[in-house]
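Quick one: the structure is below, and I'll ask about it shortly.
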């Protein structure tokens, strides 16, 4: 289906899915509030064989299409400098630097990452995100981790395809159909992961620039996501289809409505091929999801290595 | 007790606790092999109320005693640049850089982080750790996360103190006494966390340079750790007491024997005060431990935010 | 003399030394406009023996007192990775990162580095310095280099001392006395360097934190600097004495009046010991000064290696 | 002419142009030794109108073709954080990071940047360039700056073209013809800059990846460069034509013979369009050249802003 949603529709959806004030005027955790300890314990109780799958890509340190600002990994001391070390310890040391929102970095978006008309989730002003860091809605809202029930919806599998084509959009009906086909239902407090087959396509054709296109969720999914009261949304793409929605002011409605209206943290550029295979093998698409964003005061997100425990 | 162990003792312990070859000549996972899916599932099954506690410090970006190489957090675009963004998205972006082995960064040491006589775990040569990254024993050995049963031993509580004094060493008898007092037993495949009260002391007196001292495990604990077949060892300090052991060639025997001989990954500079309080409240010192190191090819470790799910 | 200047005095001096509008409402070069090609050619013509002296410190990459945010120098590929390189070239590569305004980095301050009451040189608003870079008064104002007549005033030599004590302030009378003693006169378009002996003191006692103190120019020098129409002011300290002036709002009047009122670029943390020795040997305190700041769009300054050609 | 030189030719040229031992077994300055103070003074004396031209590009911080590892410029504090600053100073701060050998960064190569058969200039072993920095032939050899007589050879002008086509090679006869046409002769201790019109081509067509091609000097120029005893060689490209020479082991003979055999520092990715225009206007192709590489201990080069004073 074509990715096109009118300004009127999006403005209305944005208003209707707003969770501003729902958890208090000072709340910065947004839909993470849907994850209660009881839900977390229940999710742990449903772990079966204990297999664990990482949902992250390797940190992309080499320049490549779609990776215009590579992460940095540099050694400070390697094995050729054993005799140079302090205190008589033979050691190796390194440094990692990353602008996490890059298009090939598996990362979580903090709620301060996107503004709509100069506002963040819960109505905070964009000016609260300063050059010295975000004073509101930073990634510290997730400082105690994100642990809960995860659900994978494998859309290529539903379609009988290896991957969705670039730019394709998933409809809410397809999400519901995937639920039925997989025997799982997305519910309150879930971490929802939507696979589009980006990994399989990359394995086949090599990396491409996301500007050429990525599959994602059609904006009409937004009310569905809101109704289900998901806590977090993740994808192997960026949840929004690319190229961006052409409606002025609404280029990435999923980001804009999830982060700003609902307060739903987003996970971009996950690796979901391994998880999809593990779920298919078990015919079971729920798992214990666990992720520990770095505790970055004022941070707009974090590179992460989210884990699914089956 | 005084921290002093002779060269003869340490050389013998090093040899006796070697796991080289135990999991094959090419193994790079070391004692992580002790964590089986079954043990992981069992640990998940023992989650009770679903409370989750982060074991990480805030990423230390401000210069401070004990933080000579601060991590970097810099904004790339903040709320004052809303109109400068690409594709019409109002966004904020940032960058994080960290040399993870710094003395105030909560991090995991890869098995390539320390050498003894030019060798790493499983006998690999130090020259395999090159200026372009570690070709062997990088943090990629833990790329699928570390999830298993965690056990906290709270030594200050055992002693009836708020913290251990700088430089103090914990004996194996104390570890065993803590087990008994807490009603828990450290076993095969466990992630063992040892609290020394560093957080409480910091809260009281402010930060200090670890060169002034840190409490840790006496080298005589090494055979005990080996016998228990732990998978990972963590501490709010660096496991080794500081100032370093004076025996030439053996400044930090816990690091040297755990990383190199046993293949036990180490967690340094954890925040264990919150976890200790949560455990004490529940009178229960085991939990599901979950940590996702960044997938850094060739990396010597990773900043992490490990989680304890109670 | 005590470093104390009243708010009234400083507000008056600030107003009286303002060059706002002197070179047009859009000017961002400030007192660099005093350096005409003719003056530059005249300075070159006075070069005598062709000896060249660097006025920069080594880039401070090691943590030290007074260097809380060390610069970064990391190898990307060293000699141990000759066989890993691209295109068959045996090569070594590295990375340098620096927050140039650190207290041990030889650097030039752009005119956007300091604000007074929210204003920069020529009246531009502080809001023009955004999280994405300075839109006004960036270091690009000096993108074509700073080349002209340099003059060194060696105050310790005038006093018969090796260095000035921490916190000591130089009076305008002393500057004039140094001119007479050295047989040189500071004039329009000159790059004025003032030595306080910081290098000699560091060589004797090791590094200290500038928070303990640095010698510098008393605020009463400001009208003198303005009258002489200098183009640039540099020092082995930071030109302002430290600890900072206690008058609220006026902690570093030299910075505030030079950068903001006059539009005089500042050079901080120079190494002037070598230059002082070379000048003393020749009994000649003028030279051709040459410095090429990196062309950093939006930059607040640049690490530099300024050269004196005698 | 085609860029192809046989292994036999290049091995012979390499041997015949070696300056190893010429300035002592410990020398690390190489052909910089040709620049005597007297030559420097003479160059200064020939400055005429005092016009100064920068030979550097803007630091390339935006991803672009030919810039796979962009430099980093990030604000630490901008105008939106005036009230957050220390000591009551209203200030802006930033950070710059650069891997200088990138293909769009104006930089100087230290003599440790390239090896031939595991050797650097003066016979030092590649293993002296360690993960902790270069112990030999670092950029510190140029720590006191490079100041001397500069000569520009404008090859597009000689050919009556705006630029040389990608991959084209300049012959030694053309260098000599350019000398005659421009009325200048390259001599001992000169800093030789060779323009290929890269800037004009970029202005016309936008940036391209150097992998597509760059014009440069044919390997047969190497004996000519050696005979003229130049101190430094610079270009708006990388002196070597690209795509690289196909002879195995000799992909970039100019780099290999200049850096390793002769000890001639190289300047890559200069901006020579402005200088060419200034020289043409004056019909004068010599100038005082001045460049201050950052004093990076162990560094393989430095980003620079070299200046030509006419």
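Letters A, B, C and D name the chains as they come in the text, with residue numbers starting at 1 for each one.
The rule we apply is simple: a contact is a pair of C-beta atoms (placed from the backbone, for glycine too) under 8 Å apart; a residue touches a chain by one contact, two chains touch by 3 or more.
All figures in this text were calculated on a predicted structure; none of them were measured in a lab.
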For subunit C and subunit D, chains touching each: A, B
Interface numbering overlap (same over half, different under half) for subunit A and subunit D: same
Selected pair, greater C-beta contact count between A-B and B-D: A-B
For subunit A placed onto subunit C, the superposition rotation in degrees, Cα atoms, nearest 5: 180
Separation of mean Cα positions, subunit D and subunit B [Å, integer]: 46
Between subunit A and subunit D, centroid-to-centroid distance (C-alpha), Å: 44
Distance from subunit B to subunit A - Cα centre to Cα centre, in angstrom: 27
Numbers and ranges of subunit B residues touching at least 2 other chains: 72, 75-76, 78-80, 95, 97, 127, 130-132
Parts of subunit C lying in touch with subunit A, wherever the complex brings them together: 72, 74-76, 78-80, 95, 130-131
List of subunit C residues in touch with subunit D within their complex: 36-45, 47-54, 56-59, 61, 72-73, 75-76, 78-80, 82, 87-101, 112-118, 125-134, 140, 143-145, 147, 244, 248-249, 251-252, 255, 288, 290-307, 309
Subunit B partner contacts - residues on subunit C that touch it in the complex: 63, 68-70, 75-81, 84, 97, 127, 130-132
